């Protein structure tokens, strides 16, 4: 018996909140992508715990694909951000407001 | 090998996208005026039209694939046909695409076909995992499509905003799916439909469902997740904006219908949440659209308002509501495409069109002005057009369930929306251009397309009998599945 | 509907008498605008046919018993049938004879008067329109039909007063006349509706017989009577609504002669007589009518004493004579009122036509100017003018004396002597102002004589204008002696039981005659005598003079009422309310939505992370909402 | 409270602490390193919950590939700290408020939902068993994920570079500033292409 | 409700000829102005003849719905293309036919963008025809909005003073009205239980509970009231009248405002009689305020069209009063007044239009002495003004007589106010006539020429109708009676 499933949920919830907090607060595009990575990580923890709790492997297969999606997200995200940095010279989201 | 017969359209579109991948690898093609574009454009047109035929052929396919995680039924096939039609129409207006780098046309078509494939898979997906992945595939291809624009500064900024909000929403959706999965014990929507009624009102299920729907609401541009739409429409090239407004909207409607139909039969909480979201997004969309100067940004806000009307159809949670929403999807496709076609035609060099630049359109090209008039009146919901019939069906379903106040509020929003649509029509019909504009040269197939779309909007509006039949047939599997 | 042979003849005559003028009016106005001679012929032709028919009708039915009635259902809309058609009885017969004869004479007269006027054909178009309306009014069978033509008579008076529409004062007078009569008509209309709702039937014959109305409550009867009397006050220019008649003199003189002295203004008295049995049911109403009649009689005569315009004097005198008729009828003297109406129509038309000749020739209305220019040298008009004036002030051999006696007789019959006293003062004043005018005309003051040589031959009056004068003069002279046959003719046609004026001593007649002569004498001392400086005793008291010339400030009161209350007050208020309150409110709402639109649009352009905060916040709040 | 229980609480504490510190670091480099530590903790959790293959993959892909990519990008940009407040109040206060609100709701949800507080048994899914399951039930998702990775590669390629060398210069830049004043047609020249 | 299927589908023929007219005009090249006008005159003439035939072939004795056509349109919702004419809708149909034909002839001298004008004009009138003849609630709403959207373009492009403001205000007001009507119609459909929009089956007494009837009636009354210029919601109509070109304002004031009153009568009153009885007092109060208000504000106006606009508000108040008295006379009077007012306003606007085309000014102070310069044109205006005052011998008198009769029976005080307003109306109408037509001749209008015979015919037709109905009103009353008596008879007390 490891721990009641609800505790795992709370832990994952904290992680999810931290990820959201990081994505929302930090004035840097990279940190936003990082925050989203943390949120994905929190979700995969819940999935693994649920798969153990429900005793069926769907949860784990979910996590396998989350890893892949996280990889694509980072690659596409960083590509855009790096290119934006080369064009505008800054990571600060504030000066990306040409579209009125 | 039954899946070959069932997954005909999907296989075709997979092949088509791979074909464009190969084209992009073709070595050393010099940029010949727009000669090079000719070849891609023609192959795209050909493949898109065959795609439509394939979808029509497989409309009556019926069955389960991939171990119950992929259902093929009349509902999914109707939406696949709609998506194929949407793609074909978008490709039609891609003939003079000066707004995408010259050597990137192949990638453009590849991403376009992949996104359509993803949306088609999304429509039939029955397992949370496959829904999530198809959604991600379509979103990522759209992020990149928005990025591909010759006017780098606009395309880039739109891509960043679209990407960030999109991934944030999909992360939240994933967390919601985790909660849902842990509470229901199964990933398959069909099983959820059986187990949920018992445990429907426990908090984990409800909040999980809310977060999951959040992801789809992002696709539909409903209130909290709508902020990407104005920038993406304005930032992205005209053809991409057209595609997002039509095809991805239709797929979003499909997946929300499927999820809501199988999970939330008559949960009062979800209905109240949907009422709040629909009211806010209607008002927000209509109010913000009043002050717009850029035509595409105005159409973006009108899409947000239309997502509000669609939510009314969904929150009714019964077959009449679903049929009305499906009909509305068809209407939306027709109306939005005509509006964007006029935008593409009036700004051939792909620049962002200001409303003032529409001045004198009725003289420069009467058929386009008439198409714009019909599209805008249909978006506003004035009777003889398909927009009105869509709204009418949704309102009948809503009032049957007793949402009279909501319908009156929606109608007041229609009045506000007519105000800014009339401003655009006033620009097209009344204002005289500052300096004498050259007459618009509109090729004959384009005139035919404009005339056809006007005819479809008016015909489907005035005698919608067959389209309502189709919508009602498509709504059956949602109920039958329960 | 009785179908016996003689009646079809009457019906044919009545239809001819009424429909032909309508036909000629339509033909003139639509088709024959360009040919004046044809229009005159058409109009006078239809007037003569009307006269012949009415005389024939009079001859055929002089001994008739019960009234003959031909009605058809005009609007049968569910349980309410408004019948339209013709009613013929003794009162109508007398009325149509008077109307058609005066119409005929005035139209002949206008041949001369209007010769050479640019709107000649239009004039005759309106004249036949008036003839149609007046004839149908006198013959109408139901109260609503009477109201129908009552309004059309008002319309033709508007068109004829404002005939020379290029003169602003003419159109102003026409508008004033129409509005005032219209005010009276609304009271009349409300009276008809109330009556109709309670009794369910508007035919005059039923209203005439007393039986069905007995069961109605007295207060309701008085209300109805007063309302209908409102119409009479409007049309016959009685006390509150009398100022439009003097202004109506802007129209051509034949119009004043026909409409504003003999026929149209008499329609009110005719209606009174028509509903006499109905009115007499409520004593309260009768006393009110008596009071109004007296006040308007006295007021008008005071105004006449100071006026310098010849037509205005006769207009005031018409109002006062109408006051006399209303007093007579209100006092129960049914025959007295009717007889005075007929005689008055005769001599007042004569007076107007004579003054018309003077105005036509000397182009001025002012009495002193006329006398200076030597109006007295025109023989026929002057003689007939004197004859008419004598009849007006009630000098014995003429018809005026007999009808005034009848009126005095009925007034004497009343219990309260004050009405008789008022009547007598009225007689005195009438005599005074009439002969004031005559003496001013007859004895021009040499000192202000204009340079025109006096030896110039007497100005010649056109035969077309002279002939009607002669006829009317003979009628005024002779009519007095027909009093008794007329009395028999009218009275036994009446429904028995109406009190017809009890025989009273001879002294009221003697007093009336004495006062009339005293009036003439006073006028002689002030105006006729060699040395008199022709200034009336009223002119010496400036306060009174201004009071009377300002028509007792009634006009100013109405102008104030319309300007302040309606124009500047209510309608400015409503207009402001319309622009500011309603429009303002709705513009405000629309402005607010547009402004909020701008605000939300700006909100949408925030930084990316604000949008992420919004997403997360909304998700959190919605999940919290679950527990709510 | 078995050994695994203590172990579980210990590791989750580590993970939460590492993430919290990573979020609050001013210097990007430190943030990424702390995050790698937190991902190692997550891998251990996976192992605890009986998913050894996932734990390994987590270490290889997450901690290995993704974080290394982050490190690489951060090192390449080496942007000097912008000197602004780490947590700008306009974003900080609402974010904190709503995160706490969310935590409150998540806690209430976790406690109240009937089925969720059952204790977890210790079972492990061997990689063989897991692999056969995934390929039997979810081979459709594998097809889709492969398409997704392909699209990501092409996307990174196209967006990352200004396109293949030798391509002609971009269209002169026309940022669509809203046309000032009444002349709609005038083009406002924006920043030049760097 | 007695139903008589039509031997030949006349009603659809009217609609068809309107739509066919529009399409033929679309295919004529723009520069052939004369041909376009002739084609539109021919088609509007056909429409007029058809309406006249339907009017005279209507079986007065039998009454009920005649010339009925019924084609199922969307069976799943119970919507059917269901046309029919009864005592209430027939006068309006005839009115539309007359105003349509005369409207086309009045705009004979239009020069700029002629093709678009007449195409939109045909769509507008097709919408109005559709509404008057349809018995299906869905189609009543569809035709109501079809007539709405050409109105914006017609006023905004060819209008006169403040045209954009007037056009936008008018369209938004009317759409706000429709945004109240549609929910009410669907509410009735939902509450009726029988899955049909057909008006005849919904009219079955006892189908709706009193509470529903009260709620639905209020919504419908406010919705259609906006179009019928009921008092607080009337400000759009004077602005709309002034802004519109006179051909459009003929249809607008002459017919569109009748759609509002007809809508109240057909949908609100006939489907929710209990609601009608409950809200009758409110209707009466608003109507009387409208009568007084319209007349008083009309006094202050200096623009000729504004005066007519506000007089229309006052006359529509009389119609509202008639409807609010819940009596047979009230209904008869109201429907007759709708017809009479339609013709009168059409005549007023066509003559103002002619004057505006010649003098290019509508401000009353600037006009003067027109009677001398163009006697025929001013004669038509004066005739219409007299009809406006409610002079007997012209059509309006009979409508107002019956309405005031009914008003006196039910609300005596309101009746008195309404009748007294006749004096105020007379005041401002005659003031206009005096300033504009009589009085000293304005020097620089000297050279203007009078109405040519061809331009005179439309105005002559309207004047003739006014006179004929004035002298022989039962021509129309017999038709209206066939509908009002059975309806009031069947009214649950």
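A, B, C, D and E label the chains in the order they appear, each numbered from 1.
Methods note: a residue touches a chain if its C-beta (ideal position, glycine included) is under 8 Å from a C-beta of that chain, and two chains touch if they have at least 3 such contacts.
Source: prediction; values computed, not measured.
Undergrad: Taking each chain's centre as the mean of its C-alpha atoms, give the chain farthest from chain A.
TA: Using the mean of the C-alpha atoms as each chain's centre, the farthest one from chain A is C.
Undergrad: Per-chain Cα mean versus the mean over all protein Cα atoms: which chain has them closest together?
TA: E
Undergrad: Per the definition at the top, count C-beta pairs in contact and tell me whether B-E or C-D has more.
TA: Pair with more contacting C-beta pairs, B-E versus C-D: B-E.
Undergrad: Based on the averaged CA atom positions, which chain is farthest from chain B?
TA: C
Undergrad: Nearest whole angstrom, what separates the Cα centre of chain B from the Cα centre of chain C?
TA: 79
Undergrad: Indicate the whole-number Å distance between the mean C-alpha point of chain A and the mean C-alpha point of chain D.
TA: The computed centroid separation for chain A versus chain D comes out at 3 Å.
Undergrad: As a quick test, compute the distance in whole Å between the mean CA positions of chain A and chain B.
TA: That pair's centroid distance is 27 Å.
Undergrad: If you look at chain D, which of its residues touch at least two other chains?
TA: Correct list: 91, 95, 99, 102, 105, 108-110, 113, 116, 137-138, 141, 145, 148, 151-152, 155, 159, 175-176, 178.
Undergrad: Can you pull out the residues of chain C that are in contact with at least two other chains?
TA: 590, 606, 608-609, 612-613, 616-617, 619, 623, 626-627
Undergrad: Return the residues of chain B touching two or more other chains; collapse runs of consecutive numbers into ranges.
TA: 129, 133, 136, 140, 143-144, 147, 152-154, 159-161, 164, 168, 172, 179, 182, 185, 203, 207, 230, 234, 294, 419
Undergrad: All pairs of touching chains, please: list them by chain label.
TA: A-B, A-C, A-D, B-C, B-D, B-E, C-D, C-E
Undergrad: Quick check: in the complex, which residue numbers of chain D touch chain A?
TA: Touch residues, chain D against chain A: 2, 4-5, 7-9, 12, 15-16, 19-20, 22-23, 28, 31-32, 35, 38-39, 42, 45-46, 48-51, 54, 57-58, 61-62, 65-66, 69-70, 73-74, 76-77, 79, 82, 84, 86-88, 91-92, 95-96, 99-100, 102-103, 106-107, 109-111, 113, 116-123, 125, 129-130, 133-134, 137-138, 141, 145, 148-149, 151-153, 155-156, 159-161, 175-178, 194.
Undergrad: Where on chain D is chain C touching in the complex?
TA: 91, 94-95, 98-99, 101-102, 104-105, 108-109
Undergrad: Touching chain B in the complex: which residues of chain C?
TA: Checking each residue of chain C against chain B gives 590, 593-594, 596-598, 600-601, 603-604, 606, 608, 611-612, 614-619, 622-623, 625-627.
Undergrad: Under the touch definition given earlier, write down the residues of chain B that touch chain E in their complex.
TA: 362, 377, 382-384, 388, 392-393, 395-396, 399-400, 404, 407-408, 411-412, 414-415, 418-419, 422, 425-426, 429-430, 463-465, 468-469, 472
Undergrad: Which positions of chain A touch chain B when the two form their complex?
TA: 5, 9, 12, 16, 19-20, 23, 29, 32-33, 36, 39-40, 42-43, 46-47, 49-50, 53-54, 56, 58-59, 61-62, 65-66, 69, 72-73, 76-77, 80-81, 83-84, 87, 93, 96-100
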